[in-house]
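Below is one structure, written out as structure tokens; comments come after it.
The letters A, B, C and D name the chains in turn, as written, and every chain counts its residues from 1.
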């Protein structure tokens, strides 16, 4: 129910603003007995971290995660797992309280909804929130060791040749602009039967999860939009369904694509600050985290309803 | 939480199999005092009905809805509204209990998940379930009179010229095949501020809702996949964001596109029965219903959290 | 979330007014493969039925349940189970639409909340709704065959000697009055470990479930109020904890008591109609149903989180 | 859904173990624009604090709360409010990891459920968790300024004369024993119409909330168990219904009683440590917090469904 939370059984909620003291994630419903320490989470955060790539934002956040509860002597206890990441490189002074809403950002929408907003770096709407998702996703991965999730950028600014991306991005940066991109996520090892029909369909929940990631504007499952141009007999082709049928995993690889728009934080729109010229790279680990979180939840959901049958 | 239900405050759940005695929807949380009778629901069902168009399935279902509760003297009472639609033209004898799973259908996935399944016409996985969505959506519309939702087919089999669609569809039917299509849904009148950030983002919930409709394989918001090929300054263009920013309605029209795959129930895949050669037409009213259901829920959600501020 | 629903995984919602066309229950999340037919539900309804005892209401409802979905060839399919019970002996003409709120009833509260109400026999607030709970509870019992639930009246009008109850009740009826009573419910066979800590404590959820039954004004677990007069060392006594510790089942019998107030529908308060002089008798099967529904949900919840550990 | 969370719209979840680094609460759905600082929360924590009374546990916790998110320049922003309280006086060394389950505690139940447990001072099952409830409750109070909630101890060890309590408690402590007690909570100012029928009844949710507090074994609404000995005409008496009818607030004071059992942590049961001889005193502010949390949620729930009617 909670608008800042996600999941039914393996459930998490995130909190924190971009330039507040910290951000965090609270995980509830994690199975007990799993080996878990900060070292299981940190590598995923490092991969998402701003400043990790010369092509990304220069904000220098170490993103050190601490586990505050739910783990005893290196094992999950089944009680809530509280994760916290301090905001070390916050610069609230960059954002005066009376700054007008920035073009292309959620500032005006937050103002309209809430009547006020934390203006420092986008506040709650900042992509910084996705660090908490990645931390939670790292725990979710431990729940589904049978599953492998791999997301990667397959297109930047309409270009699929990786070798040309650095030049494209540098040109966009130099022009005070930015670029969009497409991320492909392939998930293997999902057992047949995970998922659910009708409203909790696995593809519906994955689509919602991916669309909840900042800057994502479109999601495809399997053949995606190409399916609209296919014929009935193409349903029998490999990868057409994308590993999900009737909302239930078929055992085939689950194939998803997400389209990231170009960031609005560009000088061309009059916005200054430390920003990525293309968020798809940092978006890929977030996509993976969301897929892990949906699948961990559905593993438990399937075990709940169908775990007792012979 | 329930896998066959949807929504938080304006909540509905559906039930029923394609060839059981009836299907239905149960709506909870509807505001009291709304004028409601069967006549408010029936026209939407008629629009979705099989047999309503020469291009659609020949199954002859009158789809008469009855209201069993929650309405007194023509007004909603705030208690649950139970809607029922009898299955009149059910032909369970067409589906022997030991029929093998059909190619391209959810039959095998249901078998894997549950160990058994109602094989009669797809059972619960049948698109017949969408009649219950349309009925619930008709009630949702009454909750959001300020909103106008219009979905229409804009492409069939890769063809955008409407005049060529009948011939395309007839050719597909004659060939024992079927066609996919794309539906565009434009929603106007959504007040600025509806929606929510992070996990209950309006675009995320709409994407999940649309992807839960049978045969939908991709969803776009605003510029959609084109955004991945755009530049930062394009964020300022009309329709680029699609009426949602940071998960919150901006007051601009909300623009969504959904890709329907071609039905698998085709002789080319060895499946017989009474089926549509293209489900996008009947899918359009279902898309509208899902949008209405998401928006009714978010109207109440927004009023709950922000309705008290000056 | 839905206010007319209950449960997380084994979830049900009820609908219907006392003098509408029917009442019903919609069950979602039931495990597949369970043998289920109307014959598994009807005996529990018969036990609750008005008119089943000379001490109870003379309303003559056959309370025949029909299963409309979710069962195929005598087995649950894992999809929603829709149960319907027609209102045969409804007499809407007994309740004029402009009738003022009745003393001691929810009429005025409904008016205040919703601005209108179905006045026919209490509408949604009628104890008739509990028939739908009993029907759903009968399905819940199939999910927890290891558990035995037995509720019985142990006190009527302050009198614990059963032999004196008929005379007490007749005297109350003759005086235009009514009596309260206490129901004890003892549940055995609940495996150690079912339940959950903190907010989903088994005792908290059972207390909420019992307090949701019409006319219940108090609930005790184990020693109950007597615990407030006990000493620390009494914690070691049998039955003191009532089979639940820290919100989790200990494997001992779960002992609950519920206090039913006397019905308000008495000539002494100026209310006429066909009513029970003491609802505790008919309340006992409803208490059993609620316990079954809570436990079925917690069985699945426990299996979800802890079902994978060795 | 989450087992460590509570509420639908004004929702909170707590985390943390008694002797871990910290405990906390995460609040979601708080209306925006409310004045909030640590100074609004701290007094309620001080009232609950161990060591605040010579009659209570000598654990010396300052219980300083910090707000980590959701507040900007002294106003709630509508985004999640993360509250943290460091565990300053934790003494994990008092609790060896291989300590056997303590009699009368949840230790064995946690072992049975999860296969392992944090043994330090009860871990998650410790009453220390209630500090997080009190902190969240302080925020909930800001949402319902029209409401006044007052809980107080009315009975200790069967004794209602306050003057005798100190001697009783000292005698229990000296004997290595402990005492139970009863808390009365009277809530005024709840507008007519808050609450909901059937499964989200206000009394049902309050009963569940109170029973979720450590050591509570029974809950009464209005006349409570006395109602079981009353007659039909008593329904018209003041305070009989306890301010709730059909699950909906009547506008009268809401009267609740909760029975606290004597703590199990007594030398008489072989348990050593720093513990309260009677937890009812510290339980009273927790009861108030839970009532505030339920009412804040129902205020929003009522506004959502019925806030639009004239």
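Just so we're on the same page, a contact is a pair of C-beta atoms (placed from the backbone, for glycine too) under 8 Å apart; a residue touches a chain by one contact, two chains touch by 3 or more.
Only a predicted model underlies this, so the values are computations on that prediction, with no experimental measurement involved.
J.: Return the chain pair with more inter-chain C-beta contacts, choosing between C-D and B-C.
T.: Ranking C-D and B-C by C-beta contacts puts C-D first.
J.: Specify the chain most distant from chain A by Cα centroid.
T.: Checked the centroid distances; the maximum from chain A is C.
J.: Please work out the Cα centroid separation of chain B and chain C, and write it as a whole number of Å.
T.: About 36 Å, centre to centre.
J.: In whole angstrom, what separates the CA-based centres of chain B and chain D?
T.: 43
J.: Rounded to the nearest whole Å, what is the centre-to-centre distance of chain C and chain D, using the mean of the C-alpha atoms as each centre?
T.: Chain centroid spacing, chain C to chain D, equals 26 Å.
J.: Which positions in chain A touch two or more other chains at once?
T.: Within chain A, the residues that touch at least two other chains are 1-5, 8-9, 13-14, 29, 32-33, 78-79, 113-115, 124, 197, 301, 306, 309.
J.: Which part of chain D faces chain A closely enough to touch in the complex?
T.: Touch list, chain D to chain A: 1-5, 8-9, 11, 13-17, 20-24, 26, 28-29, 32-33, 66, 68-70, 72-73, 75, 77-82, 97, 113-119, 123-124.
J.: Given the complex with chain D, which residues does chain B contribute to the contact?
T.: Interface residues on the chain B side: 1, 8-9, 29-33, 78-79, 197, 300-301, 303-309.
J.: Mind pulling up the chain D residues that touch chain C in the complex?
T.: Residues 1-6, 8, 13-14, 103-106, 108-110, 112-115, 124-125, 129, 155, 157-158, 172, 176-182, 192-201, 203-205, 207-212, 217-225, 227-236, 240-242, 244-251, 259-266, 268-269, 277, 280, 301-302, 306, 309-310 of chain D touch chain C in their complex.
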